[in-house]
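The chains carry the letters A, B, C and D, assigned in the order they are written, with residues numbered from 1 in each.
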Amino acid sequence: MGEIGPLLSQLFHTGRDWAAGHGVPPLGAQILMMAVQVGIIILSISLVPMVLVYAERKVAGFMQGRLGPMEVGPFGILQTLADGIKLIFKEDVIPRGADRWVHIVAPIVACAPAFVCFAPVPFGKGMTLVDLDTSVLFIFAVSGISVIGILMGGWGSGNKFSMLGGLRGAAQAVSYEIPRVLSVVPLLMFYGTQSLRGIAVAQQARWLGVLPKWFIFYPVIGQISFVIFLICSVAETNRTPFDIAEAESELVAGFHTEFGGIKFALFFLAEYAYVFLASAMAVALFFGGGDGVILPGGLIPSWIWFLGKTFMIVFMFLWFRWTFPRMRVDQLMSFCWKFLLPWSFVNIALTGAWILWRAHS
Amino acid sequence: MINLPSIIFYTFSVLAIGMAIVVVTSRNVFHSAMALTGTLGVVAGFFALLGADFLAASQVLIYVGGIMIIMLFVVMLSQQPFDALQRQTNTQWLYGILFAAAVAASLIRSFRDVYRGVAAVATDTVPTSAPIGRLLLGDMLVPFEAVSLVLLAALVGAVVFGQDRKAAK
Amino acid sequence: MSETSVPTSAPETFPQKPPEKGMFISLGPQHPSTHGVLRVAITADGEVVTSAQPDVGYLHRATEKLAEKRTYPQIIVLTDRLDYLAAMTNNWSYCLAVEKMLAVAIPERADLLRIIVGELQRIASHCVFLGTYGIDIGAFTPFLIAFGRERERILDLFEEICGARLTYNYIRIGGVMADSPDGWEARVRTFVKEMYGRVDEYDTLLTYNPIFMDRTKNIGTMTAEMAVAWGITGPNLRATGFKADVRKDDPYSLYSQFKFDIPVGKQGDCWERYWVRVQEMRESLKIIEQALDALKPGETMGKLPKVYRVPVGEGYGHLEAPRGDLGFYIISDGTPSPYRMHIRAPSFINLQVLQTLLKGWKVADVIAILGSIDIVLGEVDR
Amino acid sequence: MNSAELLAAIKAKFPDLQEIPKVTGQARGDELYLAVPSAKLVEVCRYLRFDPPLSFDFLSFVTSVDFKTHFEAVYYLVSTLHKHKLVLKVKVEDRNKPQLPTVTSIWPTADWQEREIFDLMGIGFEGHYNLRRILLPDDWEGYPLRKDYAPKPDRYD
């Protein structure tokens, strides 16, 4: 296995040329290839939640002294597939008191942005679908749309508990969005670019030829940034210890109480897609993207490095979930506004000082 | 001239106008708010179409992901679900339409004069965030900070008005 | 008997309807955190609870009436179904009452076996509390560790000694059902040794977790005076700093011979109610060890005729069940079945304090407070 | 205080209260049993609760018994300070309209226990602030713990 980025690029060029050679206008061929690329990304991102759900259940099982799914397929690896099939074929129930239209659209609004967000993620050398100049901002902006899906789910169910869950989830997501964006600002200042790929590539260097020049290894600023980013990402994805939006002991299941079948699956898909997205972003921002360590370059292709590191971060998400209790709403908010936000400002100031010092020396 | 950008532009325009009409005609406040969200999202699409990537992203981040969510919040908190499907418009809708039409006409007139001969669609997408940053923290620093001061004043005012009288004592 | 002969209307002072101001929330009877079929009618002004009325009775099975139609030994089976998480102590409490009336002597081995299973039962019951309270607060893993690992071990031990895992019917009037099987004592000893480490594990996982402490510290505080006035017993009372334990105050069985401490809290908040229970697990382990040391071969059933009559009169036997002071008040008219049996159910009496305890706390704390009272609806509704 | 001292202390204040003596051959605990007329119940309870040498601050349980000719309410009191116990027995003669004064103002714990008695035995408690059925449905007919209660066949019978 080598780098598949150039290979894919080659493939798309060949495909476009082939289509153009068979009488398809250039514009059409371009759109066709775009569609193929988008299709590939949607398919692979849809597969990710399946893997993550399986991983979650296995990790939870091992942490709780049990085995997790074992029945469907060897070691239960087909369990998620079976669950998916079950969910698709379930009856679609819309409660009588629900706002029909909002109820139906809500899962789509929650889920669709998750896929769009993967467009500028640099999965490896030459594996960035759209290398946007403002990709960091783009991801933050688009992932914010999902919050509306949560609110719609809360409103559209016509259920008090759902509405409370939706309100809580949205309030939490909007609040944590702010320190999350601010935690990335030091990186933007440091590398002078907003492109995820650009930031990842800029980190592919070594200190003294050994320690990778990843942002996480920059003393103080790197660690503060990463910790704030990680905490906020957990909160953004509504997972324990920040899962007050779906707190099952208080709100039954929060905003998705009334959703079943494929609509529930879409909410679920969105959650895991965002977990993966946040991990991928953390890798690109703080862990040098596809940059390898220890082994000489090229032995293991960059995309394997990237996915490996991403799954390490994903594991941290799972680990948090199965270890921590849930915070209370007001504690959650004060933690965000009185702790994370001031520290992210401090970190920006520190980074500014660092950059000034670097410029002067 | 039928090319890809113009097709997208007209699709977006139809969407934006259609949803804007839903905003003022829908009886369900929540539906109105949703339609407004859509309108603002399409505006971001226009920005993207013009090559203003930073503006497009900011539009989505601030309007769709921020302001609209706060508005939905207000709608959800202030209304009992589904018992208030009353009309959004009052009896003066006719004057409203006339006034809107007058504003639209004057805008179209002035824009036609100003932008005559200017291409509607930027052909090359140059990254805009760096120039915008330089502008905001360079030539435009004073207005930029003045605007933030206004926002701060609004924030303080909101806190003062929103404060519980009893709690203040 | 006419229906109108008894006043049915409540005085005007109590608000039957929720107050006009504020939001009405009906928590339950189907809700994940009510631990069964309990309904709490809450009125909240904003986030603050202004009134709370627990609504019970969804699981009422008329145990007291049923008892009037059964013979004394048959009633033990009914007691299993009260607090189904601590059936051993239910059996035991009932047997204490009947044995008082019969004035029968219990062999020492039977008493020690009772103490061992009773304290194991206390640990098992607190394990369930710990797990479910973790879930209430949002931590799922403690449940599967405490409930699925340690409690399972205890249930295995119970299964060996009496053949049942939930409704034991092991403690009988005059002694216990059967002697322990071969090697059972050694297995209990190994379990106890391991369990010390497991309780430490709970401390690292949940007890001293900062988020958990944030959620439960200084929440739902109760003073000792309030607790005594409301008749609260068990860990809930001890969490207020009030040192009260039937095992010490009114020693039954052989408890006066054992050395153990009564853990007490300081201010009776949710965390201390939890912490007292964790400490109690440790004390129970100490008692079990001492009881195992004292265990000598011997009879396990007192000298009772095959068919016996309970003399006319009355008896009250009570003991320290995992949830508090569990008592059975029995009136006998000399017939094979009791004339009247009353159960002093600690869950029922502890639950009523919610009416005042919840007032003034945030809606988000309701679950934390409700969970920390640790009720079993089988006992509340009887 | 032991039973004799307790009795003396209570007799000093309420001379006409009678101890219920233990009948030989019958089973009973070592506690002091007192018969209290229902008219004096609240007064006696208040004294028992707030008199420092007595201070029966803990009402362990309240229950009732149907003796076919009359009802009897049983109050089991414990002093957490002095560790002495006392059983009060109150006769309710009127089977048609059984009434007792409530002791919720002295021990709040009587709240639900009195409601339970009202629910299952049908004894009313004057002054109780929330006397409703607690365990049975609100529209239940009759009082099941009475000896003459005949269950009505429902749709499951």
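As a convention for this text, a contact is a pair of C-beta atoms (placed from the backbone, for glycine too) under 8 Å apart; a residue touches a chain by one contact, two chains touch by 3 or more.
Just so it is clear, the structure is predicted and the values come from calculations on it, not from any experiment.
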item: Separation of mean Cα positions, subunit B and subunit A [Å, integer]; value: 27
item: Cα-centroid distance, subunit B relative to subunit C, in whole angstrom; value: 60
item: Interchain centroid distance [CA atoms averaged], subunit A/subunit C, Å; value: 46
item: Distance between chain centroids, defined by C-alpha means - subunit C, subunit D (Å); value: 24
item: Chain contact topology (line, ring, star, complete or other); value: line
item: Chains grouped in pairs wherever the two touch, ordered by label; value: A-B, A-C, C-D
item: For the subunit A and subunit B complex, residues of the former touching the latter; value: 27, 31, 97, 99, 101-102, 132-134, 137-138, 140-142, 144-145, 147-148, 151-152, 154-155, 158, 163, 166-167, 170-171, 174, 177, 194
item: Subunit D residues touching subunit C - in the complex, by the definition given at the top; value: 23, 25-29, 31, 57-61, 63, 65-66, 74, 76, 80, 83, 95-99, 107-109, 111-113, 116, 118, 120, 122-124, 126-137, 141-146, 148
item: Contact set on subunit C toward subunit D in their complex; value: 1-3, 5-8, 10-11, 13-14, 56-57, 60, 62, 64-65, 100-103, 228-232, 242, 244, 249-250, 310-316, 318, 325, 327, 329, 331-332, 339-340, 342, 344, 348-349, 351-352, 355-356, 381-382
item: In the complex, subunit A residues that touch subunit C; value: 60, 63-66, 160, 240-241, 243, 247-250, 252, 322-331
item: Complex contact set, residues of subunit C against subunit A; value: 25, 31-33, 47, 134-141, 144-145, 148-149, 205-206, 209, 211-212, 214-215, 362, 364-365, 367
